[in-house]
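The first chain written gets the first letter, and so on, giving A, B, C, D and E; residue counts start at 1 in each chain.
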Amino acid sequence: MSFLLPLTFLLPLAGTLLLSLSRGRLGERASAAIGTASVGLSALATAALIAGYLEAPERQVVTLWTWVSVGDFQPTLGLALDGLSLTLLGVITGVGLLIHLFAAWYMRGESGITRFYAYMNLFVFSMVLLVLGDNLLLLFLGWEGVGLCSYLLIGYYYRTAANGWAAFKAFIVTRVGDVFLAIGLFLLFRELGTLNIAQLLERAPQLWAEGAPTVELAALLLLGGALGKSAQLPLHTWLADAMAGPTPVSALIHAATMVTAGVYLIARMHELFLLAPDVLLLTGVIGALTLLAAGFAALAQTDIKRVLAYSTMSQIGYMFLALGAGAFDAAIFHLMTHAFFKALLFLSAGAVIVSCHHEQDMRRLGGLWRKLPLAYAGFVVGGAALAALPLVTAGFYSKDEILWQALAAGHGGLLVAGLVGAFLTSIYTLRLIIKTFHGEAKSDNARHAEAGQGLAHGVPLIVLMVLSTFLGAWLTPPLAGVLPDPHEGSAGWHTALEIVASLVALGGLALAAWLFLRRRKWLAEQTSQGWGARLWRWWHHAWGFDTAYDRGLVRPYWRTVHALRSDRVDGLFGLVAIMVRMTHLGLSWTQTGKLRFYGLSMVGGATLVILVLALVR
Amino acid sequence: MNGVPLDHALVLASILFTLGLAGLMIRRNMVFVLMSLEIMLNAAGLAFIAGGTAWGQPEGQAMFLLVITLAAAEASVGLALLIQLNQRFKTLDTDAVSRMRG
Amino acid sequence: MEIAFYLSGLVAVLATLGVISNTNPVHALLYLIVSLIAVALVFFSLGAPFAGALEIIVYAGAIMVLFVFVVMMLNLGEAVVAQERAWLRPRTWLGPALLAGVLLVTLVGTLWRGDIGLVIEGETLTAKAVGTLLFGPWLLIVELAAILLLAALVTASHVGRLRPPEKPPTDRESGARKEAS
Amino acid sequence: MTYLIALLPLILVCATAVAVMLGIAWQRHHASTVLTAVVGLNLALLSLVAVHQVAPFETLLVAVDGLAIFGAVLVLVSTLACATLAHAYLEHYRGPREEFYLLLLCAAAGGLVLVSSRHMATLFFGLELLSMPLYGMLAYAFHERRSLEAGIKYLVLSAAATAFLLFGMALAYAQTGRLDLAGLTAGLGEGGGAWGLAGAGLILVGLGFKLSLVPFHLWTPDVYEGGPGPAATFLASASKVAVVIVLLRLVIESPAFAHVGVHQILAVLAFASMLIGNLLALTQANLKRLLGYSSIAHFGYLLVALVVAEGLAVETAAVYLVMYVVTTLGAFGVVTLVSSRDISGDAAALHHYRGLFWRRPYLTAVLTVALLSLAGIPFTAGFIGKFYIVALGVEAGRWWLVGGLIVGSAIGLYYYLRVMVTLYLVEPGMQRHDAPHDWGTRAGGVVVLGLAALVVLLGVYPTPIIEWAAALGVAHG
Amino acid sequence: MTLVGLIVIPFLGGLLCWLAERRGDRLPRWIALGTMALELLLTLGVWLSHDFSLPSPGGEASTWAMEWRVPWIPRFGIEVHLALDGLSLVLIALTGFLGMLAVLCSWREIVRRVGFFHLNLLWILGGVVGVFLAIDLFLFFFFWEMMLVPMYFLIALWGHSGSEGRTRIRAATKFFIYTQASGLLMLVSILGLVFAHHAATGEYSFSYDALRDVTLSEPVAMWLMLGFFIAFAVKLPVVPLHGWLPDAHAQAPTAGSVDLAGILLKTAAYGMLRFALPFFPEASQAFAPVAMALGVVGIFYGAVLACGQNDIKRLVAYTSISHMGFVLIGIYAGTSLALQGVVMLMVAHAFSAAGLFILSGQLYERLHTRDMREMGGLWGRAGGLSGFTLCFVAASLGLPGTANFLGEFMVLFGSFSVAPWTVVIASGGLVLAAVYSLLLMQRVHFGPPKDSAPLADLDGREYGMLLGLLALVLLFGLYPQPLLDTTGAAMSEVQRLFGNTELLDATLTWEAS
């Protein structure tokens, strides 16, 4: 069975190589076929692995070769499969396959399909490596690899400079987080002498007591990496802009998989984090803050994909909150369900966008529910899951688990934040659906919407719809033994919480329905003048982080660049050259060509010589 | 004390030498420049004579002889160049021969 | 004898001053001859009559006559005198003169300070002694002097030609050469 | 007999001079004159083998020892090169050509005297015998204004320098009553005495002028530029070698100048020469002037050996001299060959050399090698020379001088490279001063190519020269 | 004799090229290519036939895999002493490989005086090989300075004549003066060492082994070390002595840039590893904080300036400065991991910078400009070129999987234990690396196209070159162990000589902070 494990990433890699070395000779269909097939085969391999694992849940390690071997520094190209990575692997290849398939519909007629699939396959390859890597360096390889693919895919429509800059921003901001992660790696390696995750987690408790400064610092650094990748405060600004990429990309990378890598990292390193309770709490607090901040920002967006982007941040905030509460399995569970319903939402949004001739401003859509029934259904199911509609949706179970764990761990603040977040989620979700699908069609694009057709369009939506309902929640991740057991608590409290949470979600929906269906005018007035408008704008710009970064970091940097661009340090040496030249000119002036002057100089020199000799005794 | 102190003779030579130098630096006319050179060589000769007589050796005078030889040779060549200068530049101004500079 | 030394020394200095400050080449030459004769007298007073005689015969005689000959040949007249006067402005000579003064002061100072107390008695050193030296150990130098004079002679005769050599090859000719190459 | 053998080179050179004179008197013939001169010089060079057998040999006036033989070789080789170059150069000269060789031989005789002089009289007369013919050689093409100008300038200033030298000798003589170097050394003793010191200073001025050390350097570029190629070559090579050798004797072998002040002055002169020489050349657009400035700097470097005056000093000076002479001969040789078409003004402006490589690759290679060697780049003789100077400076801990050398060579690189790259730039289709087409097979061409080969050879395998110089260092150190 | 062969082959090949020029343009190219291929094969042959594993445990035995010595200038104990160990072998192989690339990438670019061009090109490489093989210091210096001359010609004669006509000559001159003058400082230091040895033993020797054992007083060692350091720092280059590099790169022909970035810069790192550290271990350790600080400054300065450039080759040039900052840090950290990382990074940077310069050259051939303001939106027009640019840019920003990543991270991992704060700050450079690398992509290949006409696609030669480079970047990024094993012995020797004492008490441990 061990050959299956490498296959999961070698197949997408093979796809990438095939596509990129084709030098443009492959047609659209062939590219899509190769791209999808490679992921499909990878998914098959994964399925086999899952089957095997369910049969005999043992940790599998496959070492391909030693990557580097210098003294203690012995990272391998080794893969480790356990319940956690298997869950992620399933999500990646499974959801990945669906999205690849959908992309075949979405991207039809675009130029550079080959390139698109090459990137997508590369992404799957990197992501799989990220979750399978048995040491942090290999994890980092995947980590950076997905970053690159994210960059490339965001900038896929390269002709618009803004897309390029969005990609640029995404890469740079995550790179900032990556640097923290890297430093964390340095620190861990120095302290523990290994990068192998299993060994690390084994040695850490032996070396450090709980709350030791070093381990806190190490955990903090890892957290920094996770924040960047998972778009949490304060490194979240890139995600909304990342929506410049094709929608399947947003679905795969910026909703289902890559952005959850941070969650995976923390869950993977949970023993380290458990040694650092302060950092763990910080994780939860950041998650809670992101949850709320992104929730409010999502309220004020007008672009479908940006709403979803903020919603993604917010949901990942939930996962961080869960991590902070020590509910690692809940986080992973939510990660999985979130991957389903958020992918569904994105793909549905993609269907809407393509159907409406690339119109994605909600203010210019509306009244689409009849024309695009499948997309509408997708939105409704996905939205319900997102808003955690009780009992019938996958989102309800996972979110409930998180809230319950927060309560059980005694983090009251986190619980409240989670509830408020749920309330906000319901509001913006319904707002999104109402604005997009109901009311009047507000532009020609919306009026002439054409529903998508074909298997590539339908199958992924339907499968994801199914997975987003309570059926998806049946897929319990096999995390036992990998992650610490969930907190126990009294069942009574649990039920009470479930009821409260359901009420909150329903209340949110009701409020949204009331606001956006009944009091639309009032709302429009409130948000167009006075404090309301200001708040609205503030939310619309997601609390102004972008502006602050722009003013505080980006502009000063470019000012520095401009100040230095002509290489001032080298200019100093230029001064020397100028001095030499001036001296040369001055000395050349003495070459008058006049005999008398030459004599004068000689006599002067002689006088000096005699004088010196007379004086120096 | 009978006789001339050596340093007095040398001072005389120095004075003549410096005068020659001054002439060299001041005059622009090539004739004067050549004359100044003769003065300087002569002053050097005087210094040799003074040294030689002070030490009671013939070497001083022998050196003087050599100096005279040189002076004669130099004068002849110098004057030949002077004539050539006058012919080509129609002047004896040494500043005229300052085409090369810089 | 000392009186003769100092007196003729004074004459030599004054005459030399005349040489370098005079505007008329012929007058300057005459001053120079006076100066040389004065120096010759100094030689006599120091006890080097052979040198003194040579000074008069060779220097004041032969060399100066050469100068006079050239000056006359070039026919340097009143124009030259005016020119010289124009050139001899204080601005021109002050700096160099000062420099020469400084050198002189330094030299004289050094001479004073380093006085080794030798006194020139005025004992006559005869031509014989000089001759013995020159044609004894210094014979080589005399031979070299011959070569030196030969060189000077050749130089003077070559440079002194008044007719310039024929024109260098014409452009046409060199152009033809270029084509051939 | 020994005496005659010891002086054989000098006698041969003088005899050749006389033969040339007689030849001129009988019938002018360029080729045979050159032949006579070259044969005579070669005989003189050969006779050095015999001289070597009798060395060291000393009389009152001359010391024919290792240093003298070394100097004589360099002087004679330089003269030979000049003679061959002059042949190429004067080929197209329409005036009388033969006198040049006569003067050249006389000057060589002066050089030979100078390198073996151990007495003020020979020093003085050797120097004059070296300079006097040079007046004629520099002004040889007197119909050309620059040549005349060069002659006049050199005459007047050199005579003034000689006057300084003589006055200095007279002062030293007055102090000690001795004229031979050994006696002078003994007479001056430790402190030197005020007159002796002043004399030493003035002698230094005289010799410094000949070596064109700052501040006695102003004449150098003008004279180099104005003088005909072969004359400038001789001035830059043989004349300087002889003067350096004599200075070496004065400072190191018989330390008549063993005084702190003198050494300090030498150090200052060296430092100033290195820097100012290089600085002056910076944007010079005339190759001959540029080489003039460069020679100022090079003698600044060389002076380090005299400043240190112990340990490796003699060896360093000897090695450096060899390297310098070979290189300079190469550089000037090319300039002379390029100018030889047309004597009305030497081809010295840089633009004459633009793109020379694409017309005369081998000639350019020679000049390139020479320039690289002057800049002290490995694979050339100049590098070995510079290596020695740095080694000496480091050994003696003369950090200022080493620093000056480094800064100087950095500045120097700028203009050497400027010239070098000009040679390779694209042909502008402008005025072409050019060597004759068959230059490579003529004597001058062969000499120049040989020199370049020697530069490279010595750069790669300097051991013979080093051993020779080391032997000198042992004998005279 | 193999070692002599390694040096002589390029020189002879160069001469042959020149002579072959009369027979047309193609022959010199093929001769040059063949020469470098031979060089590479010879090196690989040496690699296969010798054992480069760890030295004998005694440590005193010779660590050289091959050695060759004959007396040269006995007066000073100077010998032609060549020796080869893993480090030199790797760098020579690199030289051979990049030499082939340099020949290939000038196939179309150089059309004037092809023979003379290849003479210069091969002579540079010959000089570089000499530098890597010479362990007599005189010989080392000899080659060190000698290789500048052909490089000078390469830039001055075949360079791109910037905006004003003469700038390429200026650039070449600047390059030459910087390196030559600093080289003289090194000569002074070498001689200081030699005389110190002479004072101690009464013998002159320039030999590596002899000079390594000289004991020096502390200040003297410091000064001499500085002489070496400055010479190497100019070549590496270390800010603020980097001024020659952007100019030289920008004006040089592609082959020149490839050689400059790929090999010539490496001679400096090689020099530090081979000479500066082993000769002056204590002084180097005392100096290490300064050197590391300079490395950090270089990382940031190079990166910031790279962001400000409009000329694509200047941008790449400044990135080299930034990368060499990591090398400097690694060298002075002195742990074996960091040192191995340095080797890795050197090799990796050679590939990635060569790739980027070749790409710039190809862009220039197609667009006749290097100004990025004139580019933009090339992705659709330039075919495979953009894809390759992406790959090399990724390598340049240190994307895992590429050799650059391993190099940088091994340096950082290795240095972290001795200088954590330096590493932390230097890691910030990783972000800036991403900034300048992606900026290049953004400005050249993204954005609205200036013109819709497609450019000529890569032909087989170009494609092959780039693919080969890329394959090597990835190979060494994923399976570097053969390389590391080859240099392991040499690096542990350096580490033994330099790094065994406790470094930098001043560096704060985490507990203390």
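Going forward, a contact is a pair of C-beta atoms (placed from the backbone, for glycine too) under 8 Å apart; a residue touches a chain by one contact, two chains touch by 3 or more.
Keep in mind the model is a prediction, meaning the values are calculated, not measured.
Think of each touching pair as a link: the shortest run of links from chain A to chain B has 1 of them. Central chain (C-alpha centroid nearest the global protein C-alpha centroid): E.
Of all chain pairs in this entry, the one linked by the most C-beta contacts is B-C. Mean C-alpha positions place chain B and chain E at a centre distance of 64 Å. Separating the CA-averaged centres of chain C and chain D is a span of 28 Å. Between chain D and chain E, the centres computed from C-alpha atoms are 42 Å apart.
Chain A and chain C have centres, each the mean of its CA atoms, that are 98 Å apart.
Shown for chain D are the residues that touch two or more other chains, namely 121, 125, 128, 132, 135-136, 139, 142-143, 151-153, 156, 160, 174, 194-195, 197-198, 221-222. Contacts with at least two other chains are made by residues 6, 10, 17, 20-21, 24-28, 33-34, 45, 50, 52, 54-55, 57, 59-60, 62, 66, 70, 73-74, 77, 81, 84, 94, 97-102 of chain B.
Two chains count as a pair here when they touch; such pairs are A-B, A-C, A-D, A-E, B-C, B-D, C-D, D-E. Across the interface of their complex, chain C is touched by residues 7, 14, 17, 21, 59-62, 92-96, 99, 102-103, 106-107, 109-110, 113, 121-122, 125-126, 128-129, 132-133, 135-136, 139-140, 142-143, 151, 174-175, 193-198, 341-344, 432, 434, 436-437 of chain D.
The touching residues of chain D, when paired with chain A in their complex, are 152-153, 156-157, 160-161, 164, 191, 194, 197-198, 200-202, 204-205, 208-209, 214-216, 218-219, 221-222, 259-262, 264-265, 276, 279-280, 282-283, 411. Taken in their complex, chain E has these residues touching chain D: 72-76, 113, 138, 141-143, 145-146, 148-149, 152-153, 156-157, 169, 172-173, 176-177, 180-181, 184-185, 187-188, 191-192, 194-195. Interface residues of chain E, counted against chain A in their complex, comprise 239-240, 242-243, 246, 301, 304-305, 307-309, 336-337, 340, 376-377, 379-380, 383-384, 387, 390, 394, 399-401, 405-406, 409-410, 412-414, 416-417, 420, 423-424, 427-428, 430-431, 434-435, 438-439, 441-442, 445-449, 457, 478-481, 484, 488, 510-511. By the touch rule above, chain C contacts chain B in their complex via residues 1-2, 5-6, 9, 12-13, 16-17, 19-20, 25, 28-29, 32, 35-36, 39, 42-43, 45-48, 50-51, 54-55, 58-59, 62-63, 66-67, 70-71, 73-74, 76, 80, 83-84, 87-88, 92-93, 96-97, 99-101, 103-104, 107-108, 111-112, 115-123, 125, 129-130, 132-134, 138, 141, 145, 148-149, 151-153, 155-157, 159-160, 162.
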